[in-house]
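You will see chain A twice below: alongside chain B first, and alongside chain C after that.
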Partner chain A sequence: MSNTTETTTACPECDAQIKREEGVMANEILPCEECGAELEVTSLEPFSLALAPEVEEDWGE
Partner chain B sequence: MIRASIIGGSGYAGGELLRLLLAHPEVEVVQCTSERSKGRFVHSVHPNLRGRTTLKFSSPSEISPVDVLFLALPHGEASKRIEEFAGCAERIVDLSADFRLNDSASYSRWYGSEHPAPEWLDRFVYGLPEFSREALQGAQYASGVGCNATAVNLSLMPLAQHGLIESAVVEVKVGSSEGGAKAGAASHHPERVGCVRSFAPTGHRHQAEMEMVLGAPTLHFSATAVEMVRGVLCTAHVFLNQDMDEKSIWGLYRECYNSEPFVRIVKERQGLYRFPEPKILAGSNYADVGFQKDPATNRVVVIGAIDNLVKGASGSAVQSMNLMCGFDEHMGLDFPGLHPV
Partner chain C sequence: MQIGVLHARIRLEEKMIFTELEKRGVDVKRFHIEAVPLSLDADGAREDITQVDAMLERCISHSRALAAIRVIENWGVPCVNSWQVAEVCGDKMATNLALSNAGVAQPRARVAFTPESALEAIEELGYPAILKPAVGSWGRLLARVNDREAAEAILEHKATLGTYHHSIFYIQEHIEKPGRDLRAFVAGGEVLCAIARHSEHWITNTAQGGQVTNYPVTDELREIAVNAAQAVGGGILAVDLLESSRGLLVCEVNYTMEFKNSVEPTGVDLPAKVVDFLLEVAEGRELVPAQRAAAVDAAQQPTGGAS
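So, the complex of A and B:
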């Protein structure tokens, strides 16, 4: 989890800056445009994100 | 609008070059030569171009003056006739290996003979825009790039530019079109189909271009032919000389490639295509690059993919021409590839 300002925060996966879009809600899932990680809005004030839980795939291993 | 010709247009790289140039809004293709196929329609050799042009192959001994001459000749031919070609065009892009290296000693070491025109080596700019964009702008002469070298160079450039590579063990898996359009025993169907063949465990000539571009870090390179027509997949095990976390590596790749028109960072947590794969790049000028850091060691696995005939040959040549002639760098190179394919 990380935060920089009230309206942008860093992706916890790749450090890309992510803007808080108007109307975004707490617990909403947002994708990071750069690394594709699904991020959960954990707080609006300050704006912060965490990696959303994901289903593991076995890739046929 | 410029006038351009292709010398040696019956091979795979020449065919791809013709496909790209026919769709280029600022280029009129004047000639496409082939000794073997002179007098025949170009679509008799490149069937995907049927209906796109009525051009016929002309003789390589009858070259008309043009603005840009593309040379797609077998290795060693361009350097023997470079004075003659320079008399036919103000600008030349040579797709062969003849003018890629910047010194004759390196050429002799890797190609096993003296360079036929060493005084021309420093007139050519290495035709990889991500490495030599400024020098290509307005340049008269550009070399081609090695396809395997391009996959490796674009994969490792962000780490090499920051001096972070202690050593790297690099392997490429390559498609059969790298072998060219001429059939041989190794390309005979019963021998080639289904193969996973180590054809250059050491000593591949493209390593010379890697050393030139990456600044000669300790690099161990091997190449394997696999069941694929187009494409190069580079898997590089890079041992860093300092500890770095993934976010810092993200930062280096972002800094190097975020403004590059044809390099994409592919490193995703979800989906089928989490890392670069050459399959979806067929016909496109994109190079996809991704990585994963081993949290337990200083090893980063860097993965890069290209279409060997496009970004690894003809696409980089057209991108270089765009820079040489002052055109938009994207021009003629918009095709994004296919999915599914």
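So, the complex of A and C:
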């Protein structure tokens, strides 16, 4: 059975362990402290991260 | 009451808005734009979307946001801001025309369709001139063209390397500004506050590292900001302004405003203001453009009754 209360996960870029901080939301962007990659929170429970998409030309206000 | 929030990545602004909605006990439904296919069929309206009283659009991609809210408003859900406003604000040429039609002061601008005619337009406006993508933001791909040699080089690069919409050349008069530009936050005809964005660089956008301070809401600023907001269709908007020898000029109007750097210097709780406005729309006290047009149509219809 999977553990849905897991609060750390591996950086998909460098495999560093990243802790889920309090108040973090799904789809928020977090930087990996070790490799600097921008990561998107894809799920809170279980805590999972993916590489954030690159900025596209029509992004921004 | 139920509020929908259409979003992509969650930035600090969205977190602040979610926190404010939660504080007020509002029932919020989140829709990630990448996970929300929308049917265009007559019976295609999604019940989980049509049951919200208003949809706050907070997507990061202009083209996706525009497409989504166009469909969602067609289903009868008022969006903040509405697709008509997004369509005008997301395209610098459409913004220029809306402001021109409303008599709002702005830098002179030209559109050209070949490098040769673009060069002619640049020389008519005079050096330096600004070349911008007609759709784009965060100060990206802006070029200040200081002389003819630079103009020829940039135009050739854009024509050769750019995607098709870079072959529509958008050229703007360069305004000599005092190391800053201004931004006024407008909601429903009221200026909430204003900031100055300072930078030694000619691009003062905070996404490019500009520093922010409070700026007093003067009569001149209030009038032009409110007029600009009305010209593009109204809503909750950030109006960017340049100080010039001709007075304040509107540079652009933003419909999914970013405000995280403006709350502290102005002392104005902008996420709370966004939520105030959103709830007014949800409760029907503030109308989006489609609702205003429908209200006008209804008023013009002959009243029923015995003939």
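Note that the second predicted complex is superposed on the first by the 49 of 61 C-alpha atoms of A that agree within 3 Å, B and C clash if a C-alpha of one lies under 4 Å from a C-alpha of the other, contacts with A are read in each partner's own complex, and residues count from 1 in each chain.
Here is the rule we go by: a residue touches a chain if its C-beta (ideal position, glycine included) is under 8 Å from a C-beta of that chain, and two chains touch if they have at least 3 such contacts.
On a predicted model such as this, the values are computed, not experimentally measured, just so you know.
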item	value
Partner chain(s) touched by A:N27 [first = chain B, second = chain C, both, neither]	second
Which superposed partner A:E40 touches (first chain B, second chain C, both, neither)	second
Most chain A residues touched (candidates chain B, chain C)	C
Touched partner set for A:E54, first chain B, second chain C, both or neither	first
Touching both chain B and chain C, residues of chain A	none
Chain A - residues contacting chain C, complex	23, 25-29, 40-41, 52-53, 56-61
Residue numbers on chain A that touch chain B, as the complex places them	13-16, 34-38, 51, 54
Chain C residues within the chain A interface of the complex	7-11, 14-15, 18, 32, 60-64, 90, 133, 135-138, 140-141, 163, 207, 238, 254-258
Residue ranges of chain B touching chain A (in the complex, touch as defined)	246-247, 250-251, 254, 265, 267-271
